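Naming follows writing order (A, B, C and D), and every chain is counted from residue 1.
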């Protein structure tokens, strides 16, 4: 291996050097800024995890698996997974191998950080050496891998449907420049390495190309301009990277250790939230996942656009996007980097100041307390506001409880205090807390050991937000499944009836309850599945999460969700949420029932 | 001079003189506020009503008649549970309307509090 | 305003008013408020027009004031009215004329009630017999004194010494008319011109040269409202209604107000002072109020009777600017001289409203 | 138009001549209507009901004789502009109908002088001297608008800026009306003027005024986008096809204010506008507003001209003052008298499509009646 350039420098490296210095400085600045925005205790905890071996291993593995190999994406879509990991991992390998080459062959030049990138320009190698041919083979191999990824990326840009994506993001102007410069980097590297392959050595890709070019060019005058071009394109990409979606590359490497450290969003725009926003790769997977985007509506209100608008500080759009979302949480499930679309929106909502702040001091809980204390039973059933509008759910639930011989009490026979979740979702935490506290007082006064809920909205609220001193909180679908397990109910099996279960957002994605309602339904009839189900179930459209989405605009969402549920031609749609039931009931041709209703009608009198 | 009695203000609503800026703001945010027919479903189903006398019907009417002060108390008892939205026969997005009223009630934009540190758990 | 439209309505509401032979019933309160008014009504009818108009010294209040103040029941007031009719019958008259419009409303209401419920009339006849051994016949015609003056308005105009015209400019005076709620709001067909566009007072004002103002709150109550005024806790409400009328008529710059009822001129006059004390605002020109006259006083003025003989010094609002406008001569020194030039007391002056 | 200007004068002699001609045609095997259908039917009233019935009777093969007291056909609809809820052109409806009845005998500016009952028909003497014999008479005499001046407190005919729905419609139709200001800032509509009002002598609902008020309010708003438009109503009675959509449009798209409360009184302000007082019953407060134009929705009341004919034909009036049908459910188009039929607003307030449908139904009833007499 011979050093071709005596001082190890050539002016063409300057664009790259500039870009690299710029992007690195920007990242350092960004990291410091974000760390300073973290609350002091979070920051301290984060630093501790960075030096804790257990976390180090986890962080390194997660970064490797997610940022380079795109493991999650592979699971979701192999073609997309290959495309992304070929570019990311291939590029990483080229950089890594470049450094190895320098350390192996030119350790004296290791101090020039551009050396590994432009190694083939600076050295001449006799390709017959084993070491050289192996390294050159690997370099050509990974370059080929990257180029295959680039080709796929180009196809995807033109025909996203081939990759299973119905819609994709519209890149901004800078994103487009970043994209084209990224695409240009690797063909230019191939060309540059090919032109120098007869001098500096090459392998299966670069040597034949060198031969080919020599056949009709006859000289190597193109060598230097190509290396210039390669360096310039690299320089451009690095320089604009902070202002494009490619910022997600460094941001995600920051996000992973932060998340592993257990940090949470504590401010709408700063710290962790900011890292999440910058980690969004703008892939647009959330667009197809979003229930609102049916019929090409509301596309610009998906999480990817929220991230973009937060980066631009466009308050008007941030507000619109934050308010419209149904908070179904599906975008979070499908997101490759784990941007929490719902949390980000709720925290935006929480930043607003109001002229009227609700005050519930007028609520006297004493009558409720004495009412729940008076009756006997150890299960306290809270039907919730929405169930007031679907009294059949309350009736069926009570009926099942009686048939199973459960001793229960009613918490809100004539209406009660809202659980506070709708208020919480509007970002008004203090007001929601006031309502929590009222309910907690009543629950504690009841002396029950189990709080039973038929509304997943209330369920999630009580489960996640209340400190109830060991009182067990169960959703009725969970409770029914348990009653069946214990043999307290013996429902009649009617296998000719086909049921499909709609996973309510708050119950499924919200609390991970997928299996229990299905266990119940399997004992009542034949269970069929929707096209998209479990954590990818589609919101019914009735969600209280959305503030601004009007009634008429929700119809298409509901109908789309119904179509998804009805692919296997069920006889009855079963859900476990009064709001989903009411919403579907408006447009469904198939009967929509709550799980309590189907169970109640399948259980005869007192089977226990 | 103290006569032991005084002029009492008229209880009449003078449509020529009332300040409708809040109503116009609501029209801009939720144009459907105009199609309320005062059926009272929202009030009848309201979770907060038994505690605070909240009646969205009355609140809307009050801002249409420039008598906001009569409705402030009611709004502060809203629990935002969304039942009114579920029952409104005219499909008005009542929750958003209520939230927007609470926000702009006094005619001012109270802005954002972006530096706030909160426990966000949803 | 389409004047022909009003005329059409007036033509629909013309009532028959016999021209002679009347039994006169005075108001219980007007004599103390506006002592010249009833006196000059008699003078005009008897002396000027030569009509047969009779009054009996034994007649009393009609009871309407207590009835509308919710202090006596309807049967009592009916019996009082029956006694008035008995006095008329005994005197041989069939036409009943009263000075007060609450009385007029009261008589009309009672006669209509008897028409609908004859058994009630029989009961009242029995009550009257038991009480004072009198019997009565119902009058053939019931009129308010203003109906008569309206009927003779052109005769008065012919004999008038002055017209309701601004002496300086030659422009007609701007007149606000107020008929009082009990005149025709209950029974529009019993009032000249009906209830919405009554012409009993506006007819006089126009016949005597004035121009009637139709302002938005023209139909509104003067503010008396009986127990609204009589109960002190409600008095602010009474005042507020009067205030509303003045606020509404203010842009028209009225020169005078002509009224029917005993309460109306009283409250339209006295409340101007109270409003001026409370708000510092006066509604007439140059810090004066707007003179509120009864129709008899106004008839007396145009006929050239002495303002002080007409009792105009009993008004709170100074009458002098109006007299000057019309060109009626008066002796300021005699304002507070009573009969036989005897000194009557001078009132203290208000702090805001100019009163001479 | 030709029909109107030169109405065909039919005499019994003409008819006999035509009958002979037809019989001849029949004998020659030509495709002609059967002889019995040459029969005359008298239709009294040339509004849309009379016109539609004439059209139907013509196509059923009769010789309808249409008698109209005005000098033009079309009745009230002829002076209207656009019809709810699709804003169809009223004139187009009239001209279509007119063209379809070109072949009928039409007497304009003609009234009924008297009619006698014969053994199985009627002898009707017209004011133009023509005598018509017919076994069936159709009354399509329509309605009159409540005279708004009767509600004195609203000041129609007294205040400069108070007009009626008919005046406004006439103005939309290109008429001149000095009472309508060039750029009003506020316009009001008073529903139920002379409807559902015992004191106005008409306790019935006029059925079409609510929707007409909404239609006109939208049209006013279209002409004067800057104006605030208020509708004062007692009840909104919007029963027909697409009327609710129309109402929602008025509220949402045009921002028309609906105030539940009847106007109590109207007075003129110093600059000639009108001050309107009402009770806002939903908020329980008095309400006051100054308007540059006030439109009174005069209701539909029975046509007083009906009384004379009704008496001669021994027809009765129902409790609502309109002509009484034999039955208000099954035979609304038949009178209790044999051979006399009723169509349109002479039996009560109706919309245009209802009137047209009823006229068709009446024609069919006449056809069946005459067929059964054979």
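The working rule: a contact is a pair of C-beta atoms (placed from the backbone, for glycine too) under 8 Å apart; a residue touches a chain by one contact, two chains touch by 3 or more.
Since this is a predicted model, take the numbers as computed values, not measurements.
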Task: Partner chains shared by chain B and chain D (touch criterion as defined above) - done: C
Open item on the list: A-B versus B-C: which interface comes out with more C-beta contact pairs?
Closed with: A-B
TODO: Specify the chain most distant from chain B by Cα centroid.
DONE: C
TODO: Let me have the rounded angstrom distance from the C-alpha centre of chain A over to the C-alpha centre of chain B, please.
DONE: 37
Open item on the list: Need the CA-centroid distance for the pair chain A / chain D, whole Å please.
Closed with: 67
Open item on the list: Roughly how far is chain C from chain D, centre to centre by C-alpha average, rounded to an integer in Å?
Closed with: 49
TODO: Enumerate the residues of chain B that touch no fewer than two other chains.
DONE: 10, 32
Open item on the list: Applying that definition of touch, give me each pair of chains that meets it.
Closed with: A-B, B-C, B-D, C-D
Open item on the list: Residue numbers of chain C touching chain D in their complex, please.
Closed with: 1-2, 5-6, 8-9, 194-197, 214-219, 251-252
- [ ] Report the residues of chain B in contact with chain C in the complex, numbered from low to high.
- [x] 1, 3-10
- [ ] Flag every residue of chain D that touches chain C in the complex, lowest number first.
- [x] 149, 152-153, 155-160, 265, 267-270, 272, 275
- [ ] Could you pull out which chain B residues touch chain D in their complex?
- [x] 10-16, 27, 31-32, 34-35, 37-38, 57-58, 61-62, 64-65, 67, 90
Task: Footprint of chain B on chain C - complex, ascending - done: 232-233, 235-237, 239-240, 243-244, 274-275, 277-279, 351
